[in-house]
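Take a look at the structure set out below.
Labels run A, B and C following the written order; every chain starts at residue 1.
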Amino acid sequence: MDVGAIFQAAFALVVGLDPGFLGIVFLSLRVTLTAVLIAALIGLPLGAALALARFPGRAAIIVCLNALMGLPPVVAGLAVFLLLSRSGPLGPLGLLFTPTAMIIAQVILVLPIVIALTRQVIEDLWSEYRDHLRSVGLDGLRAIPTLLFDGRFALATALLAGFGRASAEVGAVLIVGGNIAGYTRTMTTAITLETSKGDLPLALGLGLVLLSLTLMINAIAFGASRIGARYAG
Amino acid sequence: MLSVSSILPLTVEAAAFFGDGKLLVAPNSFVIPAGGLTVLLGPNGAGKSLTLRLCHGLLTPSRGTVRWAAGAEARAKGQRKGHAMVFQKPIMLRRSVEANITHALAAAGSNGAERKTRVTQALQRFGLGERAGQPARLLSGGEQQRLAIARAWALRPELLFLDEPTSQLDPAATRQIEELLSGLVAEGITVMMSTHDLGQARRLADRVLFLHRGRLVEDALAKDFFAGPHSAEARAFLAGELLW
Amino acid sequence: MTALPRRSLLAAGLFLGLTGIALAQAPAAPAGERFITVASTTSTQDSGLFNHILPLFKAKTGIEVRVISQGTGQALDTGRRGDADVVFVHARAQELKFVEEGFSTERRPVMYNDFVLIGPKSDPAGVAGSKDIVAALKKIQEKAAPFVSRGDKSGTHAAELNLWKVAGIDIAAQKGSWYREIGQGMGAALNTSGAMGAYVLSDRATWISFKNRGDLVISVEGDQRLFNQYGVMSVNPAKHPHVKVADGKRFADWLTSPEGQKAIADYKIDGQQLFFPNAGQAGA
C-alpha cells in the first residue's frame, strides 16, 4: 500500500475538519476522558486505602486487581452488554448502544489499572512519609489526602496508563456502543469499520490521527508533571 | 517551665519492646523532667531510636508504660500533643519549604491566622525566609534538617525528640544544627536526642542515658558520665572500643 | 486533617467532577430526541447505503435512525433481546423463523442484490467466467482451492452454506484446510481473501464499494441461485413493550414506500446500482 496515501488521508481528515470526523474525535475524547475521570475519582482513594489498610484478604484483592489489569476489553464489553441489554438486569435503563454504556465499559477497564498503580505509588510514599505523618498526627486513612497530593506526579502517570488503555481499546466500545454513525462511533470503531470496508489508507489515516492525539495528551501530561516534579523535587 | 498545664515530666516505667519475638528494648525506666538536653548515647543497635519512638508514641511498648504528666490530658483534648520529633533522614514533603511547615501545623490542628503567624515565625527563626517558596526536597542536607527542626518547632513542643539528627551531615552543617539545638534549650524547650557521636554528646548533653543492647546501662549527668562512667560497657564505649 | 492538601484536592476533585458532568451531559451529535435503533447487516452499512438513505428519512420524518451493523444472525438476536426497534437483514428463512417465534408480526421484502463469487485473478480452481455457482463450488472443493467463509452466522454465511448444500457437498464433513472460517464481517472476509488468494462469496454491494481489492476479481456472477433478498421487520411490542412501535413502523413503511424504494434505487457507486427495490413482490 502507498504510504503517501495514508498520510494524505490523515492530513485530509485533519485539514478538512469534516464535522463527522470532528464528532468522532470529540466523542472518543469525551468517552475516554470521562471514563478516566470516573475511574480516578473512585480508584485514587480506593487505591490509597488499599495501600494503607491491613485486613485479611488484602493480598488476594491485590492479586485480583493485578490480574484484572489484563482483562480482555471484549470480556468487559460483553459483561456490560449482558448487563445493559433490554433482556438483562439493567435493561430498563435503556443504556445499551449509548455513549454512557461505552463509558461504563471503559471505567471497568481503567479502574483496576488506577487502583493497582495508585496502591503501589501510595505504598512507596507511605513508607517514606510514615514516621513524619504519624508524628504530626496523620495516621492510617487520615494520611490519604497528603499522600495523594504528594504522589500527584506519579499518580498522573497511573491515570495516563489508564487513558492509554481506554483510548486504544475497541473491543468493548464496539460491543456496547454498536458503532452507530454520529452517535457511538469512536476513532477506534471507525478504524475497524474502514478496515472492513477495505479503505485501508483511511483506516490507517484515522489511526495516525488517534496516535497523534494520544501523543499530544501524553506530551502535555509528561511536560506538566516534569515541570511540577522539578518544582516539588 | 513547670506549670500546671505541662506534659512533663515524662515517666517511662519498665517499657520494653519486642520485635519478631526478640527483645529489642529491655524494660527500662527513666524520667525526663522539664528543661535541658538529654542525650541517648550508645553504639549502633543499642535501641536508641526505638526508645525515642516509644517515648514519642510511634511505637507502643510491649510491656510497661510511657506516661506524661497531667498536662498531656488537657492537651489531648485540644489538638497539640506537646512533643514533636525530627528524624535521622529528614522527611521532606514534595512541597515548598513554607508548605512543609504549614502542612504540619494544619495536621496538628492549628488554624487560620495563628498558623500563618507561626509559619512566618518559624521561617524567620531558622533563617529559611528566603527559601520559603523553594521545593523542600531540593534543599541541601543541612538545610533540610534545619527545615525539619523548624517544622517541629512551629508545633510549639515542650519536648523535642531528635533521632541522630546530624549523622548524615557534613561537619559544617553538623555544627550549625548543634548551635540550633543549644538555642532551643536556651529557649526553654526540653530536648531528647540520640547520637552515637561521642564528641557531639560531650558538646551538647546535660544528661546522658547510655544504652547497650536495648538495656539502659547508665543514667547520669553528662559531666559525671564523661568524668567516670560506672559500667564496663560505657567505659569501653568512651575508650572507642567497638561495641554492639 | 491537613487542611491545605485536602482543600486543594477537594477543589481539584470538584473541578474534575464538574468537567466530567459537563462532558457527560454534552450531546455527542445533534441527536434528535426521536430516534430508533435498527439492527442491520454489515452489507447495508459497509456498502454505504445507509449513509445515502437515512438522511432522506430523517429529513422527512425527523426520526434519527441509529444503525447497529452486525451479521444477520447477530442482528436477529439483537432484536430478540429487545435491543433494537427494527431488524433489517437478508436471510429469508431466519427472518421467517423470527416472525414465527413472535418477535415480529410481519416481515416485508424491501430490496435485493445478488451474491458474487470473488476469487484471485490467477483462478486456481478454473471457474472464472462461469455462470454456474454450483459447478464452481464443486470445482473449488475438488481442487481444494482456498476458500474463505464468513463463518459468522450472517445472511451471507447462510447463503453460502445453502449453496454448498445445493451443490451436494456436506461442507461440515468435507471441509479441509482449504476451507477457512474467519468469523468476521464481509469486509474482513474480502481483506482475508485478498491476502490469501482465496475464493469468497460476497454480496455485490459490499464488493462494489470495497476498496482494497488487490488481485481479487469477480469469478462467478449472474446465477439465479445467487439472489439475495433483504427484509425488514419491526420488533413485536408484545415481546418487548419498550420498543418504539410507531416510529419503527414508520421506517419500515418508508423503506417499502415508493419514496423509500426510489431512494434505494438511486444509490450508485461508479454508476452501478447496488440494490434493487422489490417491495411487495410476492414470494420475495
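Heads up, the rule we're going with is that contacts are C-beta pairs under 8 Å (C-beta built on N, C-alpha and C of every residue); 3 or more make two chains touch, one makes a residue touch a chain.
Chain by chain, the UniProt names read as follows: A = Tungstate transport system permease protein; B = Amino acid ABC transporter ATP-binding protein, PAAT family; C = Tungstate transport system substrate-binding protein.
Bear in mind that the values here come from a model prediction, so they are computed numbers and not experimental data.
*Asks:* Name the most central chain, where centre means the mean of Cα atoms.
*Replies:* Of all chains shown, the one whose C-alpha centre lies nearest the global C-alpha mean is A.
*Asks:* Among the chains, which is located farthest from subunit C on the basis of C-alpha centroids?
*Replies:* B
*Asks:* For the interfaces A-C and A-B, which has the higher count of C-beta pairs in contact?
*Replies:* Counting C-beta pairs in contact for A-C and A-B gives the edge to A-C.
*Asks:* Centre to centre, by mean C-alpha position, how many angstrom separate subunit B and subunit C?
*Replies:* Averaging C-alpha atoms per chain gives centres 77 Å apart.
*Asks:* In whole angstrom, how far does the Cα centroid of subunit A sit from the Cα centroid of subunit C?
*Replies:* 31
*Asks:* In whole angstrom, what separates the CA-based centres of subunit A and subunit B?
*Replies:* Chain centroid spacing, subunit A to subunit B, equals 46 Å.
*Asks:* Quick check: what residues of subunit B touch more than one other chain, meaning two or more?
*Replies:* As it turns out, subunit B has residues touching two or more other chains at 103, 107.
*Asks:* Scan subunit A for residues touching two or more other chains and write them down.
*Replies:* Subunit A, residues with two or more chain partners: 138, 146, 150.
*Asks:* Touching two or more other chains, which residues of subunit C qualify?
*Replies:* 1-2, 5
*Asks:* Contact residues on subunit A for subunit C in the complex?
*Replies:* 23, 26-27, 30, 33-34, 37-38, 40-41, 85-88, 91-92, 94, 96-97, 99-100, 103, 138, 142, 145-146, 148-150, 178-184, 193, 195-200
*Asks:* Can you check the complex and tell me which residues of subunit A touch subunit B?
*Replies:* 128-129, 131-138, 146, 150, 153, 230-233
*Asks:* Can you check the complex and tell me which residues of subunit B touch subunit A?
*Replies:* Within the complex, subunit B touches subunit A at residues 56, 58, 79, 81, 84-85, 87, 91-95, 103-104, 107-109, 135-138, 155.
*Asks:* Taking the complex as given, what residues does subunit C use to touch subunit A?
*Replies:* On the subunit C side, the touching residues are 1-2, 5-6, 8-9, 13, 16-17, 19-20, 23-24, 26, 28-29, 31, 37, 42, 45-46, 50-51, 64, 66-69, 81-83, 184-188, 190-191, 209-213, 240, 242.
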